[in-house]
Structure formats: structure tokens, C-alpha cells
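The next block holds one structure in the form of C-alpha cells; read it before the comments.
For clarity, chains are labelled A, B, C, D and E in written order, and residue numbers in each chain start from 1.
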Amino acid sequence: MSTVVDTFRFVRNQQVEALPPPNLARGPIAWIRENLFSGPFNTILTLVVLYLLYVIIPPIVDFVFVNAVWTGTDRDACRAETAGHPVGACWAFVIDKINYFVYGSYPVTERWRVNIFFALLALGVVWLLWLRAPRRDLGAIYFFWLFPILSYILLTGGDADFSNGFWLGFIVLSALIVAGFGAAARFLNAPVKPAVLIGAGIVAVIGITLALLEADWGLQPVPTALWGGILVTLLVATVGIVFSLPFGILLALGRRSKLPIVRMASVIFIEFVRGVPLITVLIMANTMLPLFLPGDMTVDRLARPLIGVAFFASAYMAEVVRGGLQAMPKGQYEGAMSLGLNYPQMMILIILPQALRIVIPGIVNTFIGLFKDTSLVAIVGIFDLIKTIEASRIDPNWAAPTISYTGYAFAALFYFVFCWGMSRYSLGVERRLATGHKH
Amino acid sequence: QATLNSVKQKGFLTCGSNTGLAGFGVPDAQGNWTGLDVEFCRAMAAAIFDDPTKVRFIPLAAKDRFTALQSGEVDVLARNSTATMSRETQLGLDFPAINYYDGQGFMVRKKLGVSSAKELNGASICTQQGTTTELNLADYFRANNMKYEVVAFATSDETFKAYDSGRCDAFTTDASGLYAERLRASAPDDHIVLPEIISKEPLGPAVRHGDNQWGDIVKFTHMAMLNAEELGVTKANVEQMKTSDNPEIKRLLGTEGKFGEAVGLTNDWAVRIIKHIGNYGESFERNVGEGSRLKIKRGQNALWTKGGLQYGIPIR
Amino acid sequence: MQTPSVSQASPPKRSFLYDPNVRGIFYQTLLVVVVIYLFYMAATNAIENLRRAKIASGFGFLENTAGFDISQTLITYSAAGSTYGEAFVVGLLNTLVVSAIGIVFATILGFLIGIARLSSNWMVRKVSMVYVELLRNIPLLLQLLFWYIAVLGPLPQPRNSVEMGAGFFLNSRGLFMPRPIYASDIWVLLTAIAVGVVGSLAFRTWARRQQAQTGRQYPVGLVTLGLVLGLPVAVWLVLAVAGANPISFDMPRKGTFNLQGGMQILPEFVALLIGLVTYTAAFIAEVVRAGILAVSKGQSEAAGSLGLRPGQTLRLVVIPQAMRVIVPPLTSQYLNLTKNSSLAVAIGYPDLVQVFMGTVLNQTGQAIEVVVITMGVYLTISLLTSFVMNIYNRRVAIVER
Amino acid sequence: MIGVHKWYGEFHVLRDINLNVRRGERIVICGPSGSGKSTMIRCINRLEEHQKGRIIVDGTELTNDLKRIDEVRRDVGMVFQHFNLFPHLTILENCTLAPIWVKKMPKKDAEEVAMKYLTRVKIPEQANKYPGQLSGGQQQRVAIARSLCMNPKIMLFDEPTSALDPEMVKEVLDTMVGLAEEGMTMLCVTHEMGFARQVADRVIFMDYGQIVEMNTPDEFFKNPQHERTRLFLSQILH
Amino acid sequence: MIGVHKWYGEFHVLRDINLNVRRGERIVICGPSGSGKSTMIRCINRLEEHQKGRIIVDGTELTNDLKRIDEVRRDVGMVFQHFNLFPHLTILENCTLAPIWVKKMPKKDAEEVAMKYLTRVKIPEQANKYPGQLSGGQQQRVAIARSLCMNPKIMLFDEPTSALDPEMVKEVLDTMVGLAEEGMTMLCVTHEMGFARQVADRVIFMDYGQIVEMNTPDEFFKNPQHERTRLFLSQILH
């Protein structure tokens, strides 16, 4: 090798080839030394952690696997004195009750409807969250319109009874709406035809929705009081997301609006909801909603927390969306305006698609929070997963010392799998967004 | 709008029930409801529709049962609720009938060696929040100049579980509830119910103030079941009894007079009730009495003729 | 310069309907009308419903006798003499106490775990990651039930209390400890504390002046600790040896059912506290980690190239900058903790929601008033906090611009 | 533009701007940073509101009337320093967006027009890529094509080359020269003096929100009248 | 530096670097992006660790010994491309931080020294502002002053002007020229060839982690020996 120490002029004629790194200390032992025992402080830390793990892990493994009971039909299987060995988790109990945990008291013969609901939900979620799925715009229509209707019909049995005069009234009202759109267009000197078409479109969507709900599909009605378990947990979460996203977007736009009253109304709503605990919102929905409605109108018991959750989630979603809107460079607005797009076009075509994309991680995180919060509906007496577990664990048939742990462990596992999966997903998206917008 | 009409229009009765109290109102995993209060609602459905299944049960926690009734969400609340003056006057409710005379008692662990509630000075006591129980408890300890620590929970499930797991020395609720809950203890025989009854707890179905026709139906559904028991009319013999010559039976079963129509029902309303549900005694035995797992004695709930308080108003 | 000629412009005639201001006013009026209508409907319905249900209205009920007892009261309260208003105060104080203590512990634990997540020790890093992932992804309600029922539930009955020495007992009724009773010569101790505080402040000033003049540096933190904590303890010990005892303790003793006397910490409180602390700490850890990572590597490199030690770099350069990133989300975690304390209802800790929205609401039936008051309280706490935070943020921002 | 004034809060950005642009004229605007160049041309398609004076574009005066603003924006194309392409749409979609939604053109026709202009700026083969996949120069050319698709009567350029690497400046300038040769009315903020010399009919020098000097390029560069202009030119043409 | 090699994972960044810098010498390093220039000078004050070869600074060899690293760092000042001022401290505090904590200088003296160097870089009047309030050029001069406050024997510059607007480049370069004239030992990564010509004793050209050519500036620019160097120079000096 040429040496240039003290050479003033120097030209290198051959390129030095890239060499593999020198044989630095490698291998597992070196790794352990570097990562676990590099210095006295680290060594102590490692030992302390190891001790903690030693204290914590074996009992958990014992409980969950080694001493667990997997089969059995009643409490005898899970009591140490009758089973004749120490008893850990009583999975037999979960297995025995699993249908109750999933469906609550939903009539056995009708449970296939719930299964279809789960499948539809999975379809919608995958369609929307899988960034490469085809036609995600259709996916959005499916998830935010078709899916709610189908679920409603499936789960309740449809056949909502509107009163006799309802359809007549509806037709009159639709005619008025269409006419109103036409008149407004004429008044504003805009082309009348598209305006009428838009009006008719709105009316048609509402009409079809209502007609689907009223139609008798020959399904046996199942009152919501019978629903329960994971069905209700997923339902509350789904309703939360289906309503909170559109409302959240509206609120976010409202909060960024130039119109002071609109802005103030949005701010008040958002800050109010975010300032109070969800439980108080749920209790309010539960006890006060009926008071605010006309005397002979009632709201279904299950619908009340749903409304509360939807409101609550909207406010949080609004803040997430607002973050996305704020992150949009001003140039995008200006580019759109300079092309002559008007406000709705600009928002729908340019800003929202990008802003929502940026905040997918935020949306998913809000959803995780929402999903965890659904457990609170148990407090207002809705039979969600936690409530079914609470109800089962006091079943004298299964009275055994570890039943409570097992039930809670099952619920914890259920929530953890969902939430952790979603948070991994949102991390993935975040990473992809960070590496640029390339498709 | 009259409740009866709206119920007929809907085609079913909505009935507020307990979220789960064995013997009074409890659903199984399939959502089939059983219990004394539940059968009361079924009896009403039988009287109105001649079909005891035309009831929808809405499980209500203690703390929102009255709101549900007030808001019209349920037509009748049959959920072991205590009739009190303030509930009738300030909450705008009516308790037309009392289908179970109860009183608040205490349950403790046998191990504790306590044999009277008077010995509970300094104990922790689990109770359910938003009930008269909570208030009676405070009154009782104050009256007897004893100290205690109260631990209150929102539902009876939570309350009992806390007691069972040792959080409290004593568990208090209506005596009927004590018996019902004891069944769910991990070891029922380890617990005893103390003899003191510290309050009067007349339990009965409640309706909204102001709809007297509906109130009458509730009231006389219960009375019909009492009278049937008194007159010996049972689920099994009701068809034969129709031919009875006893004028009281005839009036009850609608072969004489138009008592049913007077409250907006059919004249064979009582037959429908007895045919589907049976008389009060039958219902009692089946759900809470010796024939059930609760094994509660008739006691105060025996007919007046047998020294109890259940006194059926004559139908005439 | 060329003078531009005025072109053949059309006169500006204003089309009323296309004026954005006019449209704005129209939309806003529409909104106001709709909102007012909704409120009006809700109000009239509520009035009608209340009238029909014969529910009293107004806040007069706050003066009525409550008639029920509460297990943890920070002010004197009794079922006989106290009003619903006092029950409200009891609930509010209970909420504040558990939140305040929770915030302190959650901050400590959260910072430890957040720093652990950046540790160079692989095992520490992974374990803290597992902790964060696990706690964050399981509903708090479930965790509270776990702590209350599964962990604290199996504690022994009072008769078999775990004796922890020094008058501390643990059983299923909670943690019992000696209650301090202050004697008349407590002032000696108080003086010692005051002297400690003043002394450490003085030392701080002196050390700063020394530094400015000679460049010598002193361990200010250690000396402060010694003065503030050590001095009173020393004084107390001296007093105790001398036979004068400024503090005596009321020890818990066994009673019929339970331990008598002393100070009792309810298991509900403990479960709620542990649940809130461990749960919130997981979130705080993430905030802290993000804050530290947000300080660019260039900053520590620059500090390093100036010759600062890693410890000094952390203390003088990284942490002050990280704190600006950390404080706003940290505040919202504090708010979350306070709001989450309302889950107390699930395990029977008498917080604001449990006492007021639970028992009081049920006994009085005055849903609207009770809900409005409760929400108002939480809202006030939130708004006050964000108000203070905004001021803080503005101060920080001004310094930076 | 007649006596246009504009304030940002207390700050007087544009002061008595008078400028009359004839059809087909090509104007280059230069001046130091912060002198209000961008603000001025942004006023022309009402991305900023002016507070005093009148701006008349092709016979339409800009007021608060939404409809007129729409009209003017349809006639005025604008190209920004930072391209402002829509990253979530392909190049082709970027170009067809406005024709479809604003002009209500059928999608097919819009695509044809778009391809025509993309060919014009020499990147038809990139039509189905996303902006993120293109180089800066290509992106800027797409931005020009996107404006052209609306068939504007006037094009505004706000420092179209200043965010580009030197190698790419030329391809964009070439495109602009081509446009100018076709007789498009153009207002261009730029510091590329070569470009100004080659195509401009007039060069405007702005400072402190005022038009300080306005002249033909020849005169402007050879013989600047104003002190400030001379200083500026000496800095730029090292 | 004798036969220094460095790897990032599997990637061989520095390959057999041999360089001897005399006291008071001023060396300019240039080369294409990614060629390892930054890495090389960061090795000198041990912001990066080298894996093979020896680096000796002012008689102290850099090894894993913390004490020596401290010594070396005290003697070597470094100025970064992105200034890396501490945004939470005022300019004065930025400059006094290290003297107070590392040299244990009394605060008063430290402030005096700091003011001396701030005057030296011509911004004494900004002493009580925060970095965010200064322009880029001013910030970079503060960064230089901050390094000088530690009285280093060697100064390292890593592209000190590349994040600056053209107008500000000059003020920073002037400061550096001033320093050079006072006889400070300097290693400077820069592409400002004017600067290199003016002050450098030697110019080093790096590529692929190697020193490809090293020469006096005159020779280097007039008569580059290596193919790669010629190519590079032709690109830079348009």
C-alpha cells in the first residue's frame, strides 16, 4: 500500500477495493457482551431484569399452560380439591361459554346472521385498510352506506315499521326537495338540470335506504336486549368508526372554516366532548337522551351508548383530521384554486384524499382507543364482552377459584390481539408514508 | 296515549326486569327469562294477548330503572322495586300492587360467628348504589349507634362478588335477594342470613302516574292471581272451574259480569292468566318457594287467610 | 416610466348572491337556526317530560340531607347531617386526590420506562417495550378489574392480616398504617424544614456566585436533598432521643371485624391508583421517548464536539429541548388520567362519578342537574389545564422565535 | 391593474401598482426577495385579495364576486415555484382534473387534450406515473401542461425554475420559450436574465412593493435608469 | 492519520486514508457526495469510530480511552453544515456553555471570551438573542465563535456554507478567511473553490472513501492528474 504520510502531492492510481469489515468481535457471545454486559451499570441492570423475569414469567406460564384445564363441563374440573392437581387457567370454562361470549343471548338458530355480520365487517375493514386494494372508493361506499344497512337488517331482522302515512309524506318531501334544488339553481343562474339530478340523487339514496329497512326480509326479529358479547363490542366499535369519520371530517372542516360562527360551534363541540370522560357521556346518553325526546318516543337501550360513542369518537376524529388538513402544504390549496376548482371540489378531489392518507395512522390509533373504550358500555349495563364475562364468572355452575382470572385473561387476550394488530398496522403505514409518497 | 292501546298496537308488552336476580328475573344463556317478576309480566301479556310470550324484557340496573319507566321505554317495571312515598309522589310512579313483601337483611360468613345484626359494629358492608337499601343501612347503623364502612357498587353482581371475595364482612339487600344471591356464592353453605329485618320493603310492579286504566290492569292482574289461589283455581283445573257455581269463581273467570271489559280487556282475562301462568301460589312456589332452589318460606307472602299479608281485593 | 392606460373595463357591478360574505352569513344563520331549534326542542321536551314524570328541577336538592354513607371522605361527612352538596365535594376531592397522586407516580414510572426504552441494554429495552405494548393495548377497565379482583381480592381476611412491621398491615380491607398525631412541640420540626428549604436556596445562590467568580462547581442537588430531607429527620431523631416527641402515632389494632384506628387506605383506591399509574405510564413512556428522539442527533454531536461529557450533554442540551416536545402531550396524558379516574365506578371507589352521578343521581332522579354539574367539573379541569398550557407554550414559543 | 394597494395586516406589500398588459405580451418581473413580486401576480388570479385599486382581467373586474373569480381563474393559468402537483394523482389525472370538473369535459376528450399538452412539454411517456416519481424539471413541465389544459389566455409564472437543480432549469425554460413563441400572454417572475432577454417584451423591476422601473429588456439590461436597479443587476449578473 | 479504514456495517466508507497535517496548515477537502469526506473529518474528533489504522491528534492517539477523547475534543473545534446551535440558549449562552462546564471557567471570564469571539465574527450585538432569531449566515458565524471559545488548536469545517443562501455564503467565508490568516490549523470540507484557491495549503480530492488526489490549489485546479478529479472539476466550475 502506498503511504502518503508527509507527501504533499499525491495521486492514487489504483482504486482500493472495498474490503469486508475486519473480524470485529462477532457472534452471540460478543453480542451479549456488547448489548447486555457493557459496563458495571448495564450488568447490574441486566441482572435485575433477569431476576424480575424469573419472578414473573414462570408463574404466568404455569398458570396459562402448565396447570391449565382444557376440558370439563363444570366447576369440578377446575377446583383443585376435585381435580386432584393444582389448577391454573380454567380454559374449559371459556370453551364452555364461548358462544355466550361471542353472541350473548342471541337466539341460537339465528346466530348465522351474526356470523355474516362478522364476515361483512371483515370485508369492509380489509377493503379500506389494505392500501393496495382495488377500488377503495367503492369500499368507502360499501363501508359507510351499504354495510350499515345490511348489518341493521341482518342483526335486527329489518322490517322497521314506519307508520302508514310515512311513505306518502316521504314522497311529498322528496318532491319538495328536488323542486327546491331546481329553484335554487334557477335563482342562482346555475344550470338547472344537474341541480335537479343532485337533489334526486340525495332523495333516491335516502329512499332506498329507508325502503331496504322497511322491507320484510322474512327474518325473525331479534330485540337488541338479546345481543351481547363480542358482537356488541364489535358493533359499538364499528358504529363509532362509521359515524365518527364523516362527522369528524365535517367538524374538522368546520373548525378550519373562515366563518366565525361555524368555527366556534365546532370548537365548542370538540372541546366539550374532549374535556369530559366517556363514562359521563355514556351516562348522559343513557339517562338524559330519553328526556330530550318527545314523550312517546323512545330510544333503544343499545342505541343510546352507540349515539354517545359516535359523538365522542367524532370529536377525537375531528382533531386527527384537522392535523392532516394542517399538514397539507398551502401550495396544494393554491394549486387547486388556480385551476378554478371550487371549495367542495378542492376539498373532495385534492385535499381530503391526501390529508386522510396522511392521518391513517392517527385514525387507526383513534380507533384503537375507541375499541378499548367500548368496554365502558359495560358500566351502563350493555352486555358487551366484559359484561358477559362478568355475568359468567358468577355462574355457580362454574364457581372455582381461577374462573375470574381466566375470564379476564381471555378478554385481555381478545383486546390485545385486536389493538396490537391495529397498532402494528398503523406503524407500518406510518413508516410507508415516511419513506415518501411513491406508489 | 293510553298505554294499553299502544301495547296492543305494538303487539307486545315491554317489561323492565332485573339484570339478573335468581327467582325474580333472570335470563339464561339463550335469553329465556324466568322468575316471579318475570311471570308477572307474562301474566299481563297473557291477559292482554292470551299469549305469555308477547313480552320483551329489558334488563335495567337499579340506577336507571325509573328513568326507563318515566321515559316510556318500558310499559311496566317488574323488578323487585320498593314502593315508597317519595317514589310515588316525587318520581311520578304508581305501585298498584305488592307482589312480594320483603325486608332488608344481612348475610355474613358463618366463620365470623356473628348471630345478630346488632353485632356488626365496625364491619364493612357491601351494598348496591342508588337503592333504598343504601339509605336504610345508614339509618339502621345510626339508630343503633354503630359504625361501619360502606362499599357501594353499581350492580348487584359486582356487589355480591365483592362480598364473596372477602372485601366485606356483610352483604345487605332485601331478604329475598340474599337468598337468591347466596345460591351464587362459591360455597353457599358458608353463609348465613341474619334474623334481623331492618326495613319494610314492599316490592311490586310500577307504572307511570296518570294512566289509571293501565294501573288497574297491573293491579288486578295481581289480584286475579291472589283470588285464584284463594278460591283454589289452578293452572290445572281452570277449565273445569269455569263450570263452577261459586259466584266468586264465576266473576273471576268472567262467566258472570263484564269486569274484564271494564278495564279494556276481554272478560276471560283471568282465565288467560291462570291458564298460562297459574295462580299466585303456583308462581311463588315455582320461582322462589320450596319448589325452587331459593327455598323461601311463604311467610308474610302467604294469603291473608293463612296469616300472611297477601289479600286479594274482591272482584265484584 | 411608462404610464399604463386605463383599459376598457366593465364597471364593477356586484352580484349579491356570489359574494362570499353574503354566503357566509347565510350558512351561519342556517347553522344558528338549526342549533337553536334543536336546543329549543330538547328543552321543551325535557320540561314536558320532567313535568309528566314529576321530577323536581333546580339545584335545590344540593341542600337536602344525603342520607347515605361514603367509604372514603376527606372532609367530615355523615349520612345524618351532610347534604348532597357535601357528598359532591367528597366525590370531587376523592377524584382530585387519586388523580394528583396518580399523576406523580405515573410521571416517575413513565419517565423511567421511556428512558429504559432507549437504553443501550438490549434486555431493558425489550422488556420496557413489552410493558408499553401490553399495557397500552388492553382496556383500562379490564386492567382495573384485574388489579381489584384478581390481585387485591385474594388478600387475606383482616384476622390474618399481613403484618409488615412498624404498624403497617395489609389485608383485603386495604392497607393500614399508623396515623400521625402531632404534639405541641411540632413547631421544632416545622422550623427544621423551613431552615432546610431556606438553607438550600441560599446555598444555591452562593454556588452560582462562586461559579461566576472562580469557575468552581458544587453538587447543588445533593446538598439541597440533604438540607431539605436530612435536616428534619436529624432534628426529629435528636428530639426523640431527648425524650420530647413531636409526633406520636395512632397504631392500628385488631378489632372485631377489622383493624381499628390508624389510617386506612381502601383497596378500591389502591387498585384504581395502580391501574391508572401503570396504564398512563405506558403512554407517558412513549411521549418521553418521542421527545428525546425529537432532539436531533446534531445537537448531541455538537455538544460532544465541544467537549461536553455525555451526562452534561443530556442535562444541559438534550433534556431542556426534549422537555418542550414532551410537556404538551404530557399534559394531555395528565388530563386523560384525571378523566380515566372516573372508571372508579367499576370498582366502587367513591369518586365524583360514582358518588354524584351514581348515588346522588339515583336518590334524587335529577338527571339533568347532576349530569350538567359533573360534566362541568371535568370540563373546567380540562379547560383550566389547557389554558395554563397555552400560556406555557406561548412563553416557550416566544423565547424561541 | 390600476392603483392597486395591498396590506398584510399593518404591512404595506403592494403600493400603487399600475400595469397594463396587452394581449400576447410577455412580461418578466424581477426584484429582490420580499419586494412583492409573488404577491402581485397572485393578486391577478385572486389567490390574494387586494384592498385598494382595481384589477381587470380580460374585461372582468376582480371583486368579491365568486362567479367572476371563477371566470378569471379559468382564463388564467399559474405555475408555482414548488410545482404544487397533486401527489395522489397520476400525471394524466393531474392534467385532466380541472378540465373534467371545472369545464365538465368528457373524460376522453380531457385525456386527449392532456396528452396533447404533455407531448408539447415532451413527457407524454410519463403520463401514468405519479409526480413523486418524476424529477423536478419534469414535474415543473407537468405543472405547465396542467395549466395549459385549461386553455388559459394568460399564464402566470412565479419563479418556476428557482427550486430546480441547475441541470433542469434549461428544460423548463425551453418549454417556456416555446410557449412564448406561440404568442401566449405571459407574466413571469424570474431571475433568469437570459430568459428575460430572449423572450420578454418588457421587464419590470420591483422593490418595496412598488414598480421601480419598467423597460424593454435591451434598455433594461444595458441602461438601467434607477440606482436600485443597477445595484440589483450587478449582484445578479456576477 | 495512518492507514485509516472504517466500515458502516458491511459498507467500507473509508479506505486506507493516510494524511499528515502540519500545524498551521489549511486543508480543503472536496469530492462527490457520499465519498466519505464528512466521515473522515468526523473521525478526527471521534464523532465516528474508526476500525483500523491510527489517528493521532496533537500527539494523542485516539483509542477507546474516554479521557483521551475528551482531551482531543477540547483541542479540536468543529463547525457543522446545519450549525447545530442550541436553540434553547441565547447566543451568549451557546458560547459560554462549554467553557463553563468543560473548562470550569468562571462565568464572567467565559462571557468575556465569548464576547471577544462574537466581536471577531462581527455579531456582538446579537449576543442576547436566540438562534432562531438569526439569519443562517449569522448562525453559522455564531457556530464558529462557539468553537473558538474553547480555544481549539484545530478547526474542522463540514460544508459550513452549503445550507446557506448565496448572499450569506460570503460573510461566513470571510470569517473563515480571517481565521486562516491568523494561522489556525484548519480542515475544511467545502465546494467553494474560490475559498480553496484563496487560503488552502493543500486540496484533497476524495472519492469512494479514498484520497484520490492531493495537491496545492494551484496545481490542483490548473492541472488535475486523475481522471476522476478532472471530471469533478469540470462539473463544479461550470
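Heads up, the rule we're going with is that a contact is a pair of C-beta atoms (placed from the backbone, for glycine too) under 8 Å apart; a residue touches a chain by one contact, two chains touch by 3 or more.
Treat the numbers as computed from the prediction; the structure is a model and nothing was measured.
Chains that count as touching both chain B and chain C, per the definition above, are A. Ranked by how close its mean Cα position lies to the mean of all protein Cα atoms, the top chain is A. If you average the CA atoms of chain D and of chain E, the two centres end up 42 Å from each other. Distance between chain B and chain E, defined via averaged C-alpha coordinates, is recorded as 89 Å. Note on chain placement: the centre of chain B and the centre of chain D lie 83 Å apart, centres being C-alpha means.
Within chain C, contacts with two or more other chains are made by residues 49, 52, 149, 153, 345-346, 361, 367. Chain contacts: chain E has no residue touching two or more partner chains.
Annotation for chain B: residues 67, 70-71, 154, 158, 161 touch two or more other chains. Touching chain A in their complex are the following residues of chain D: 45, 47, 66, 70, 73-74, 76-78, 80, 82-88, 97-98, 101-102, 130, 132-133, 146-147, 150.
Within the complex formed with chain D, the chain A residues making contact are 329, 331-332, 334-342, 345, 349-350, 353-354, 357, 436-439. Taken in their complex, chain B has these residues touching chain C: 62-63, 66-67, 70-71, 89-92, 112, 119-124, 129-131, 134-135, 137-139, 142, 148-154, 158, 161-162, 165-167, 169, 208-210. Against chain B, in their complex, chain C makes its touches with residues 49, 52-56, 67-71, 79-80, 149, 153-155, 157, 172-173, 255-258, 260, 267-268, 345-346, 348, 350, 354, 358-359, 361-363, 365, 367. Looking at the complex, you find that chain A touches chain E at residues 1-13, 15-16, 18-22, 24.
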